[in-house]
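Two complexes come next, and they have one chain in common, chain A, joined by chain B in the first and chain C in the second.
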Partner chain A sequence: MVLDLDACIDSLFQRQLLAESVIKEICEKTKELLMSESNVVHIKAPVTVVGDIHGQFYDLLEIFKIGGYCPDTNYLFLGDYVDRGLYSVETMSILTCLKLRYPDRVQLVRGNHESRAVTQTYGFYTECMKKYGSAQVWHYFTDLFDYLTLSVVIDNMIFCVHGGKALELRSLFDSGIKQQTNVFKELFADEILIGPCYSLEKPLGLSPSIHTIDQIKVMDRFKEIPHEGPMADLVWSDPDPGREEFAVSPRGAGYTFGSLVVEKFLHENGMDHILRAHQLCMEGFQVLFDDQLSTVWSAPNYCYRCGNLASILEVGVEGERHFNVFEAAPENERPTAEAQRTLFSNGIPTSLYGNGVGAGAAINGVGGNDTTASGFLNPGGIDSAQDTIHYFL
Partner chain B sequence: MNSEEYLQHREGLTTSHHDWSMIQVGKLVEGQTVVKVIDPNSYKGLTLVLPLPTCHSDANSSVEDACEVLLKHGISSAPVYDAQRNTYTGMFDYSDMMSYILLSLKKMDVPAEDQTIGMRELIERTNNSQNVPVKMISVAVMDPTGNLIGILSQSFVLDYLANHLSEFPQLQPVMQQSVEQLGLSGSKVLSVNGEAQVLDALLLMSKHSVTSLAVLDEQGVLLGNISMTDIQHIMKDLRSSWLWLSCFKFISNIRRKRGVETGEDQYPVMDVNLKSTFGYTIAKLQATKVHRLWVANDSGLVEGVVSLTDVFRVLSSLLDS
Partner chain C sequence: MSTLTSTTHRLIKEDQTTGIAIHDWEVRSHKTSILSSKEIDAASADLGIPIPEMIFGNNFLSIEHKSGFKLEFKALPALAMVDQSSKSSDLIKVSYAREWFDKRSMANQEHITDVIKPYDWTYTTKYGGTVLGSQFEETTNDSIDIEQLKKPDPILFYDENILFEDELADNGAAILTTKMRVMPSCFLILLRFFLRVDDVLFRIHDTRIYHRFGTNSVIRECSTKESSYRDTRARIPRSSGEDLSLLLNSNWVSSQLPEQESRVEVARLE
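Let's look at the complex of A and B:
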């Protein structure tokens, strides 16, 4: 059974869902690929960096329109592909296919929403149930999330992560800077040593602090994101321009980190910029700490009502950074009309498997769905909030 | 306190505080604005204490109006002022009122088409002559002439403590003890299954006189928290149909809504581990602005809870020893 990725990608560009069995296959193959990736992937510019997408599929298409299509443009996605938007499944499907098809031109970093607990609360689980009739696809994708890398470094100069900086044990003691109102040092000294997840994971010799990039590399990332610890910090933390050091985050996971933390990290690792996503920016991006850190946000008119702009960051070979700002795609207003047009204009869809065998297998319910895996459009029609499932095999 | 203890706690002439138990409460409530709402009918007068310098005056307000004003400003209780006797007679706690109303609703078996009922109608439908139990969760702070200058709530005090902790070295030892060591775990936790209805959760809260429940899955793993405050918020937005949702769906809705409003999604579960330190727990309570953190073990099973009340109980036990 040979998977025809190009056919999958074409279908997805027309917002056609892949069969459950196809999802299973692409997830399996992508996990194999990701397994050999380090927790810190090193890449070279030019590359276009994308922030939170949150299932806003039409805006992802917009990103390809303005940033260029794979493989002509190299892409680095910083996580939060799912939840909240209406098309998390299509978004995750197409990104997985693109990664599988062009592994060296597409990098996928894990965001805090690439987690079982979060996707059950914020929409992805519900969308999978609605579109596939079971939680199987959600299981395939959430298992895949466990394999996504945690960070990327561009040209040894730009450190890219979803949330932010993880708690540094040593910097708190070494910094020698007494903060009168910063009780962190006093409060957290012992907490770090006998903290919750640290006591179970590895012996304390494997330091839980993220002081240097090398410490991220030795972490075991192949699991659900824990409540606490350096892995949680990397995907949950936020910068706080009003502070210099760390503080507990109002989000209930991760920390907020300030200017001294950023300076120290960049200095110790010989880099000049931290690039992250994770926070909504009305202007599409935000630059902090004297251009030492930026946030890129790529979901315009977030949740279809915030009215914000979005951006993608184009990093050039000389290290130059340019934020390409854009608005919500007009197709967001009429997704179903668009889908219907392309659906019927293509005639009979081609098989997604080279030899056609897979198509037969899927029709017979290999994916585990009886009624919905028929491959036919539901004659009941489509409405924008509750799209019916249409499979093409 | 005997004279020896008293001497130990004496501040003396100083402009900075070294003994945490000697901080003046007046200092803590600086910046609050006291606003009066007078009602000549059921309540002699309601004094609303607002943390923001906004002004609101409304003569001839009814209980329904008072409830709406409380909701609008996000306050759950207010001292009741008797204008005739010029004294404070007690606290009006909105959550008690809400429990009572919703309990009545449950008993009434509201049909589906009426489930989008608005707040005012809710109050009208219930029998006003029933007694509403009152709980004290705040302390009124008066000046020497008997005027109310502010309300000392637990959150206020916690905020102050967390921000000035480094100034009180005698608190360091307790701050470094774990939640487990301080006896804040190992007790039975009141909980509700994620699939139970919100109304059932409310009944359970009323029955046990608590304002919050842990929401668990079948295995007992913590999924989140449901509280009276959440229910008040949905009433404010007139989404009373949410009362009939499952608890998990309800709290997910609350989380999603908050995330869009703030542009930042929160972690679904607000908890600390058994081994987390007391100091870390206080910092997390202050940062997340929740009133309690569940205590979970490494498997995610809930083993206790640390509320603001528990924090103050631990601290006041230090005073006694």
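Let's look at the complex of A and C:
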């Protein structure tokens, strides 16, 4: 049977899941495609850059509505497609199909959530089990994650990364794509090495200067380090508005860096802007360090409760940047409280509410129209002995 | 006890606030957006530490008694109690700190000796609420009536409010939440600080506030639990397979951790 990508894309737009076997095939083909992609993909404007989506599929549909559909609009997605939201499977499915269908018009960068360990905790694994009854789909997608590129350069001017620790030396060399080594050296050989940058509270990370010989040394070592090795890179760090140079992070690993480091990095690589995602912000975007570094965040009302705006960044042919800001999709189905519970913190399995009674009403307060004559929350079908959510101790 | 059985109460439902007025108490839970960048900058400058990534700095849970006693739970006062002493960064390191340090020496980066202003990056806080009016004092005579709370009395008001959450740069999670339930005879609040540092440890600080209507005492019990990451992870049932989401479920983790210390205090209503 021939894979009909257009039909797959259509059905995903209709909110229908793809069959497990189809996902398998799509992931395999996409892996082949990504294998030939460099660690640093060079593209040309115009392009629309999308930040974190986190399984908020309805908001992704909204992005296409606002930003245009493929292939009329070129897209660069900066990672964190999965976890937290309720539709990571749909989100990954459609992005993978679009990448495979329009390889030169859609770029997918790896985010820190595109990892096995993180998705086992933050929802994607659980969602795959729920929607497909087995972990197969999770395996297909997480295997695909290993092949995603780590950075994109737009018109040799704008350097784009996710901003989380996905971009780290180790993953560069674990991925088995030999040619990446050269690209990496070429781009970052001099004083500054950009790396896995991790920081939640702040923008992208850079690493202290490493001389080329040392870099190679380190790279060889990393290659031999087994997968379960720590994220110990020499290269991930947090920006620190309070200083100009590097300093050691209080976490006991990594560095923080200041504005001078960003400036130096851009200067030495002949670029004028760093663009990253990864950092939640109320306004949906943020511009720092004298317009040298910006953040794009594309999950509105993150986790269905942050109340934040989101944006996509439209980069024009002259290098002009325009943040197109938007709110949560009007048709975005707010998940029931119990569905949230299984995905977010303080969760309890939904099975406690097998009869579909109660949790939602109770969470939203017993007020308003739900108020009975007595005003009491009627536990109804909830067995109070089992109801550990409301009857917490 | 007829006053208790014929409880009258009024539910509060405003734009971003829910709550209940019952006996001489007014309970309010306010939920709104995360802080704006400007607010974050101001809070960070004020507190002297980076602010958690998901910061509900304007959310609060408050209970107020007509006598003037008021107890409020908010994120920023909780963060103000995060340790910033010179040793605060030495307590917990990420699991791979040692290896990182060794590699760093090999890469000749030892000239970078500047360490950023120390703070407890796990955001551990012993915050127990902000008190107005009668203060809490340690007691050995009072305790939370667990048996009363185990009764399946109807719940008049239930609320959960997240104050902050941070993924610790992919090294775990630090979450501060409040939960409250109000029954006809009493109420219970649970303020929970939950910490997971991957491959290092779990830690839970619980503060429970209990009041039985008709009495003049408000009881506050603070407890701490801690255990290694490895021991806790080993307790995940085999049936969960590769699903590790239980490690984000503070109720489950709490049930697996041994209790280490607890302290009971009481505030007297006038």
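Some notes on this structure:
Convention: the second predicted complex is superposed on the first by the 246 of 393 C-alpha atoms of A that agree within 3 Å, B and C clash if a C-alpha of one lies under 4 Å from a C-alpha of the other, contacts with A are read in each partner's own complex, and residues count from 1 in each chain.
Going forward, a residue touches a chain if its C-beta (ideal position, glycine included) is under 8 Å from a C-beta of that chain, and two chains touch if they have at least 3 such contacts.
Keep in mind that what you see is a predicted model, and the values were worked out from it rather than measured.
In the superposed pair of complexes, A:Arg84 makes contact with chain B only, with no contact to chain C.
Legend: residue contacts after superposition of the two complexes on their common chain; A:Thr121 is shown touching both chain B and chain C.
In the superposed model, A:Asn112 makes contact with both chain B and chain C. With both structures placed on the common chain, the touch criterion links A:Gln279 to chain B and to chain C.
Taking chain B and chain C in turn and counting the residues of chain A each one touches, the greater count comes from C. Once the two complexes are laid over each other on the shared chain, residue contacts for A:Phe64 go to neither chain B nor chain C.
In the superposition on chain A, A:Arg305 contacts both chain B and chain C. Put simply, chain A uses residues 112, 118, 120-123, 199-200, 238, 247-253, 279-280, 302-303, 305-306 to touch chain B in one complex and chain C in the other. Listed in rising order, the residues of chain A touching chain C in the complex are 112, 118, 120-123, 125-126, 129, 135, 164-165, 198-202, 208, 210-211, 214, 217-218, 221, 229-234, 238, 240, 242-243, 245-256, 279-283, 286, 302-303, 305-308, 342-348, 362-368, 371, 374-379, 384-385, 388, 390-393.
By the touch criterion stated above, chain A contacts chain B in their complex at residues 83-84, 112-113, 117-118, 120-123, 180-184, 186-191, 194-197, 199-200, 227-228, 236, 238, 247-253, 278-280, 302-303, 305-306. By the touch criterion stated above, chain B contacts chain A in their complex at residues 162-166, 172, 175-176, 178, 224, 251-252, 255-256, 259-260, 263-277, 279-280, 282-284, 286-290, 296, 298.
Those residues of chain C lying in contact with chain A across their complex are 9, 11-13, 18, 31-37, 50-54, 88-89, 93-97, 99-101, 103-104, 106-109, 112-119, 121, 146, 149-150, 152, 154-160, 162, 165-171, 173, 175, 177, 179, 181, 188, 190, 194, 241-245, 247-251.
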